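Next, two complexes with subunit A in common: one pairs it with subunit B, the other with subunit C.
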Partner chain A sequence: MSLDRRLREGLGRIAAGIDPDVDWHLRRAVRGARRRVVLRRASATLAAAAVIITSLVIAPRALDALSSLTRRPPAGHPVPAVAEPTTVGNQAIAGTYRRSVPAGDLDVRSNHLAGRWIIELRPEGTMAVTAPASFTGVLSGSQFQVGADTFRTTLFIQDVCSNLPVPTYRWTRVGERLKFTPIDDRCGARVAVLASGPWVSGG
Partner chain B sequence: MNLEGWHDDQADVAYAWLFREEFAAVVRTAFLILHNRQEAEDVAQEAFMQLLVHWRKVGRYERPEAWVRRVAIRLAARRLRREQLRAILHRSVDPPVPTMPVDVDLLRALRALAPQQRAAVALFYLEDRPMAEIAQILGCSKATVKVHLFKARKRLAELLGEEHVDVP
Partner chain C sequence: MLLAAACTIAAPSRASFRPRLAWEPCPSDVEIQFLSRHRCGWLTVLQDRSKPKGKTIRLLVVETWPVGVAPLPGRGFGFGTNLGDGYSHGSAPAGATRLRRINVALQLRGTGHSQPSLACPEANAFDGREAGRLSGDASLREDFLSAVKACRERLVREGVDPARYDLESVARDTEDLRVALEVDRWAYLNSYGTSSRYLFEYLRAFPGRAQAAYLDSPQFPHVDEVTTGVKATRHALDQLFTACAADKDCAEAYPDLATRWARAIHRLKRQPLKGTATLDAAKLLRASRFALGGDGPEQAGLDLTLLPATIAAAAKGRISGPLAAALEDTPLYCAGYRPLCVGVGDRGFSLGAYLTVLCRDQAPFIDRAALSTAVGNDPAFRELVDDHPYLAACKVWGVAPANPVVARPVHTEVPLLLLIGQFDSYSSAREARQVAATLPRAWVVQVPGQTHNALGFSDCPIGIRNAWFRDPISPPQNTNCLDKLRVSFSTAPEQGGKP
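Let's look at the complex of A and B:
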């Protein structure tokens, strides 16, 4: 007998001995499939409910966090208490100051910072900044906090100094002149604007 | 049959008809891969259950029976590999040979084949399906099916002491 014939006849005989109860299996398949569909629908409903709950509960918090990011430095960095400023400390240097930033520094040139700058330090801790026309970066929302002799600010934190820690400066005031000395600032552009020379008081 | 309102009547009838037409054949093919009747029935059951879950889509296919065979063979091959690994781990003996009067040597020889070769042999010799359809069911090319069958015949010929003549 050839192999092909043996295979056809042999497999046919083996298969003939297998005669499952088709109707019983059909009922079982229908029950199982139905259960599976019900479970799937229940899972989908639960997932949809979870999404709705998440959007109702977590989304407002996320939005709050997001909006606060525009007022704060990036996560992971020390955050000054700019939201609740110590108005007494801020009052010590509150006022309007101006200075001209020279163009010599590389950070100044590359960020178009050279020119006349005006900062208005308000007692509540906000900082209005007027930059030279050449600078087109983000200045709005800048805040500051004054300690006994320290000054921290979010100036440039959304722009040329993004992703860097909030800096700390030492401030000194002699007459009409306000001077900042960097204690800890890794942003050269900010150091150039704030601390490369004294600020002179006066509108 | 009543699918309890989640398919329309026509779909119910079509599914039940296909089930009655094909279920036993799928069990037999699965048996030739697994050599275990209970497991073959379980695999066929699972494949048909999946068919019903996807019936709205698969029911529109030209050959839904090819789809269900493909699923069953894939499940059987997966189960066989798992069983083979378990047998190696536990050094178990071969599964029992059916008590019916069959070609026991042939059945034993089939166990020496890889799952895809067993499936190709079952579809070609038992179900008498053309190469193109076997390729569709196994999810491979016709050339690959020919290779599976050639290797299977060669191995079976060695084990059964038969002459190996390639089939065109």
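Let's look at the complex of A and C:
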């Protein structure tokens, strides 16, 4: 465990529950120590009090110095919002599909996209992609999201279609055939792979 | 022991400022990039930490969860892309999923959505005016410098202190964010391109706060970007000539490319070419560096695969179509000086954030003798350096030099993986190896066929990185897939003309 963590956790425990009015605690502890000075075990008591005083004075400041931050939101602070898009719609077209992308288009040629493609659309929104051997780009980590009739995907977002917005397609499925029609995609290579022909269900 | 340690720490006054982190809905253009779990927040910190009652600034924080798997404990943190460039979060979920950690991104002070922005729309107004002019055009240079001056004056009027957008401040922002998130140690740090300078400063200022770090196409703190750029570009051109000679089609179409390059430079030095764009020797060098530093084929149409044809055409007195497009379309003083020339606009590139790091953290510490040696007698490289518009802008940007420690080598025990593309004209594999040799746990992976984005175009280096991350105190294992990576040069007539 790091020194930082030990300090934060250890001193945090020591400081827990104390009144933040450190001066009041200090005066009180000193007065108490003076009253007990005549007692038989005065020296031991004083030593203990010194430890307490030191803890009271140092601990909060040490924590301040370590963090210089408010690490927890104040009372009444809104609960952090986590945007978690629904994946319910993904089930509608979950499965494995394949198609062959024909050569000819400039985007296809320059990106070596021609050949057999397989996509596995998983219900949780991940997308396993198998490309022709000629394509050497990034396939891992692709995602998709299905709406009522819309399909969005991060396919090729890292390389072939980098620095472009996540596109939107319309999807239709008839029997074994899944078809994508671009609504908004500025990446010609992705349009060529996804939408230049239908995908057929099955590995 | 705890009390003893605590006694050694300077206690701030009760009036000291406390940074705040508040979660809020993401800005719409960030939100639309996500298909999976994420959240946005704003970190409020002091612009100048020496002034507890001074101006505060807000930095956008974006957290991304892995998809389809539960995250492992710990968070990773990324310093983003090249200095001053804007942010794309679209591939963040893929990164989080591959490393199975919640990934944290901070839009660094002065950039992206963070407030205030140090973007300079005053200078953006001159985009596109360079195409028809010669390198070093004095009139355009004066316009640019006037725009930079106007930008600075506007920002200062708004309460911005440009010097406070430097490496040290960003490192401290990162540490404030770590504490705000209650992260004990970052599971990993990462950087892409020249943002490595932030990462190294963080490692220097806050040792022991990360378990490992991987740096894609890094630069190093002890060598400024101008000197590294000259060395890396020269090396990348040599790699290009060698690779073309080794490629049957390229060698057949453009034999002895190195000689053609020398011929083109000599010819253009004597007589620039004029078409829809003007091409002189320095502009050919800049365009070639742009292609070698290319971050994808969307970069104005000129990329590594087209470079042999482009050079061959220039040697014959022609400007190829992709080269003309690159000269016409890229923003002012971008190609050949900055790695990425897309995403223009206020959130696309923050000139001010870039200038502060260049002018405060690098320029004052340039080793002029080393730079002169790197340039040698090459007239195109000499012009590239002598006419450097951003170094010229330092005179009007007016930030004092940083503490010289920012320009010293960083010693760290944190395991580092340095990934560099074979043709990268912005990052030097030689410098990376020299740095790795001085550190106990640092390794270099050179990625064949790649430019200034070693992790960007193939699952092979991504897989190597993923595997290394599982055991970062050992060298990367099983790098055999690198052997299959190579570049395929275009020899199609429409891409530059066969000789």
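Please note the rule applied: the second predicted complex is superposed on the first by the 118 of 203 C-alpha atoms of A that agree within 3 Å, B and C clash if a C-alpha of one lies under 4 Å from a C-alpha of the other, contacts with A are read in each partner's own complex, and residues count from 1 in each chain.
The rule we apply is simple: contacts are C-beta pairs under 8 Å (C-beta built on N, C-alpha and C of every residue); 3 or more make two chains touch, one makes a residue touch a chain.
None of these values were measured; they are calculated from a predicted model.
Visitor: Which partner chains sit in contact with A:Gln145 here, subunit B, subunit C, both or neither? Use first/second/both/neither.
Guide: It touches subunit C, and subunit B stays clear.
Visitor: Of subunit B and subunit C, which one touches more of subunit A's residues?
Guide: Counting contacted residues of subunit A, the larger count belongs to C.
Visitor: Which holds for A:Ala103: it touches subunit B only (first), subunit C only (second), both, or neither?
Guide: After superposition on chain A, A:Ala103 lies in contact with neither partner.
Visitor: In the superposed arrangement, does A:Ile183 touch subunit B (first), subunit C (second), both or neither?
Guide: neither
Visitor: Figure out whether A:Ala128 sits in contact with subunit B (first) or subunit C (second), or with both, or with neither.
Guide: In the superposition, A:Ala128 touches no partner, neither subunit B nor subunit C.
Visitor: Pick out the shared contact residues on subunit A: the ones touching subunit B in one complex and subunit C in the other.
Guide: 2-4, 6-7, 10-11, 14
Visitor: In the complex of these two chains, what residues of subunit A are touching subunit C?
Guide: 2-7, 10-11, 14, 54-55, 58-59, 61-62, 64-71, 73, 77-78, 80-85, 110-112, 122, 124-126, 136-145, 152-154, 157-166
Visitor: Could you pull out which subunit B residues touch subunit A in their complex?
Guide: So the residues of subunit B touching subunit A come out as 1, 3-4, 6, 16, 19-20, 23-24, 27-28, 31-32, 37, 40-41, 44-45, 48-50, 52-53, 98, 100-103, 106-107, 121-122, 125-126, 153, 156-157, 160, 162-165, 167.
Visitor: Could you please specify the touching residues of subunit C with respect to subunit A in the complex?
Guide: 2-3, 5-7, 9-12, 16-26, 31-39, 41, 67-68, 88, 90-91, 93-95, 97-98, 176, 179-180, 182, 184-185, 208-209, 295-298, 305, 342-343, 456-459, 462-463, 484-485, 488, 490
Visitor: In the complex, go through subunit A and note every residue touching subunit B.
Guide: For subunit A paired with subunit B, touching residues are 1-4, 6-15, 17-20, 22-23, 25-26, 28-30, 32-34, 36-37, 40.
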